[in-house]
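Listed below are the structures to be examined.
Two complexes follow with subunit A in common, the first pairing it with subunit B and the second with subunit C.
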Partner chain A sequence: MAIALASTALFFAVIVVVVVNSAGWPEVKQAFFNGEIFDESFPEIRSAFLINVKIFCIAEVVILFTALGLAVLRSLPGPVFFPIRLLAIVYADFFRGIPTILLIYILGFGIPALQLEGVPTDEMFWGTVALVLVYTAYVSEVYRAGIESVHPSQNAAARSLGLSHGQSLRYVVIPQAVRRVIPPLLNDFIGLQKDTALVALLGVIEAFRQSQIDVASTFNYTPYLATALMFLIITVPMTRFTDWLIARDRKRRQAAGVAA
Partner chain B sequence: MTEALRLAGVHKSFGKLEVLRGIDLAVEEHEVVCLIGASGSGKSTLLRCVNLLERVDAGRIVVLGDEITASGVDVNRIRRRIGIVFQAFNLFPHMSVLENVTLGPRKALGVPRAQAEEEAAALLERFGLADKRDEYPDRLSGGQQQRAAIVRALAMKPDIMLLDEVTSALDPELVGEVLDVIRDLAAGGMTMVIATHEMGFARETASRVCFLDEGVILEEGPPAQIFSTPREPRTQQFLQRILQARRL
Partner chain C sequence: MRKPALFLVAAVALGLSAAGLGQAGSSAPALTGACAKANLKLVKGGQLSLATDNLSFPPWFGGKERKGSGFAPSDPYSGQGYESAVAYEVAKRLGFARGEVMWIAVPFGKSFAPGKKAFDWYISQVSYKPVRAKAADFSKSYYFVNQAVVGLKGKPITKVKTVAGLGPFQLGVAIGTTSYDYIVDHIKSKPKVYDTNADAVAALKNGRIDGLVVDFPSTGYITGVQVPNSTVVGRLPTKGTRERFGMIFQKGNPLVSCVNKVLDRMWADGTLKRLEARWLAGSAPILK
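Our next item is the complex of A and B:
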């Protein structure tokens, strides 16, 4: 422990000394680490970040259900359901294949331009829809891996009791699958939280857009740093939490292996 | 006597591998039929076909007058009348013993929770698992898990029980407690088809023993005859090998 601490301290001390003594440091310090500008822009960026929080909170709740639905459709057995399975596969391939940024542009500018009656024209709405579509494809693959990791004998045991395919999924397979996929699922959500910054491209004034505005008015990059800090405040604890879940899961499985 | 189960000309292949090659078998109510034979002779596949976990390729299976291999049959309704217990227990690891036992009655039969739990508690009591009702499967010994799996099947009040090598995954000292449960069921008149490697148990409990070899029932008869004076050379060989293995 002490050795780790000392080595870490030394490592960062060396980096700091090298950076601070570099030729360009005074300019960089002025452009990126300006305390005054930070204090000025931070409150605005913090309130703009609430938009990001709102987007990913709504998107995550929706994705939890749409992705599970997609995974279930893809696991339907028998030749009758082939068209549905095919559609689910095409969906997952398409939305994982298309760059998120393009989809945000296409939906955010394309659909309001159609001027359809009753269809929302709000940029934030379409930006969120684009994120939901893309991340549903990713998260459904995570769910699917979870469903496939549950041994077929579990399904056989449930079906042998006279439970239908749906009941077997609902009570036996999915509860076990979801437990196993929580870590990778949270991992995708960390990606989603960062990608909320892409909605700025539609003109939504969220944290990233707000910092661009501040940068443009001060000719100083410090507001970007403030935005980065906001994202880190949210994503780092979630990353740590995910790793903790993974470690706990591994420990449990090892304990179960010993017992069996 | 009423016929509980009849198989006529049942065939089943997995790809090119023909596992069942024309099985004919009739089981009366309250009969205990033991299936013996080497691994891969088709015992498990036969049981899984009766429970419609596998679809037969040809032939008919009739359960208490219902042809279950007919097209358009409601498989869930059939399975509710047939209990199956697996070699690997297959308890649901995320549910307590009580939840394992009540899931079928509650969700497949629509029994109210209170009633299902009361009936489950009575069954667990009967098979010495009353104090394990709130435990999760991984906290139980293999023998306890298998007894819980039997109770789970019994909770559906099945007409027929299928037991697929239910002691094969157990430590030797735990085999006895599970066999005791099956003897208890046999004494109670439960119709059972049992795939087993426990020859002593088959000899003493079975009303009839069937020897499976390469996907057909080569020989069947009362246990005394099969074990003492088997007709077929293949049966003699099989029993000889079992006897030798026991001596080692």
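Our next item is the complex of A and C:
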């Protein structure tokens, strides 16, 4: 313990000394760690961050269901459902393959330009739709991995008890699958939270765009730091909370004598 | 016959000498001392390395795009367009021939990054602000600018006559522009902010914004080429200090003072006014 502490302290001390004594440090400090500019930009960035929060809250809830639906479609058995499986595969390949930026541009600039009656033109809406489309593809693969990790005997046992394929999925396979994929699921959601910044391309002033505005206005990069902080404030506690949920769940199941 | 002929000869001679004087006034006297060509500290010896953003577009840069030059849709090497013309004139007065001027493409966001700059100066419609001058040095003004609003023909925004009248309309700007500050500070509305002028123009086209705010000289390219059914609603009046474009230099670069001397002369002898009339002609009503 003492050795670990000492080596950690030494390690960081060396880094700090090297950085602070470098020739360019005063300039870098002024450009990236300017307290005055931080104080000035932080309130604006904080309120702009609410837009990011709104986008990812809505998107995450939608994705949880659409992605699960896609994964279930892809795991439908039998030759009859081949076209559906094929479509699910094509969807995942396509939306994981294309750059998110491109999709945001196409939906956000393209669809309003069509001037269709009754179709929303709001850029927040289309930005969120683009993120949902892309992340549904990612997350469905995570779900699929979870579903496939449940031993086939579980399904076989459920079917032999008279459960239909759907019931077996609902009551036996998916509950186990979801438990196993919570960590990678969280991974994708953190990715999604950061990608909400891409909606700025459509003109929305969210946290990252607000910081870009401040950076361009002051020729100082400190506002980016303020934005990074906002994202950390959300993601770090969320990760810890999920870790805690998983640990609690495992304890309960082990206490009940159920192995998963 | 003789007398008039003589008179004519005399007149021509006088005219020539006047023209000659004019010529001398614009190219000489060469700068001396620290600003003599041989004493300039340059990024690359023997040449001026100038930078601007890509896209380079009229009226700031003219000429046809050259494949492989790294610039589009215009060519900074052309000497055409206001900023290209100004840059070459300054270069000439510092003693550089056309062939000794090199252009590199530098995105705006990188122009003020800390560390060694790859250019002697950066010229790309950048407005001077005191807080910006903490990160980089600015030359004196080479252009005093007004912002202007562009809207689609026939839309309600084109009837606006006052700055306050713009309040209810959704405005848009490209990021990094002082147009944003103007809207927030003086029109008191919240604009949409796009990555580039091109994106902002797309938003104007598809109706996501009612009005696009850009520097007035840039409106000509938008209304003339990019969005033919758009029109200039009006120029925005100066509030506070006049907004001016400056070239960006490495902090502490002594070249700034030499360029400033040249710019002083170019204001004094009317060169900048002449270039402005040539490349930035055009007019629109100023909003009240």
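Criterion: the second predicted complex is superposed on the first by the 236 of 260 C-alpha atoms of A that agree within 3 Å, B and C clash if a C-alpha of one lies under 4 Å from a C-alpha of the other, contacts with A are read in each partner's own complex, and residues count from 1 in each chain.
FYI, contacts are C-beta pairs under 8 Å (C-beta built on N, C-alpha and C of every residue); 3 or more make two chains touch, one makes a residue touch a chain.
Remember, predicted model here, so these are calculated numbers, not experimental data.
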item	value
Touching partner for A:I205 - first (subunit B), second (subunit C), both, neither	second
Winner by number of subunit A residues touched, once subunit B and subunit C are compared	C
First, second, both or neither for A:T100, with subunit B first and subunit C second	neither
Which superposed partner A:T121 touches (first subunit B, second subunit C, both, neither)	second
Touching partner for A:T235 - first (subunit B), second (subunit C), both, neither	neither
Contacts of A:F109 with subunit B and subunit C, given as first, second, both or neither	second
First (subunit B), second (subunit C), both or neither touched by A:Q176	first
Which of subunit B and subunit C A:A216 touches, first, second, both or neither	second
Shared subunit A surface residues [contacts with subunit B and with subunit C]	none
Complex interface listing, subunit B residues touching subunit A	51, 53, 75-77, 79-80, 82-84, 86, 88, 90-94, 103-104, 107-109, 138, 152-153, 156
Subunit A residues within the subunit C interface of the complex	24, 27-28, 30-32, 109, 112-113, 115, 121, 123, 200-205, 209, 212-213, 215-220
In the complex, subunit A residues that touch subunit B	153-154, 156-164, 167, 171-172, 175-176, 179, 256, 259-260
Subunit C - residues contacting subunit A, complex	108-109, 112-115, 129, 131-132, 134-136, 172, 175-177, 180-181, 190, 192-195, 199-200, 202-203, 205-209, 251
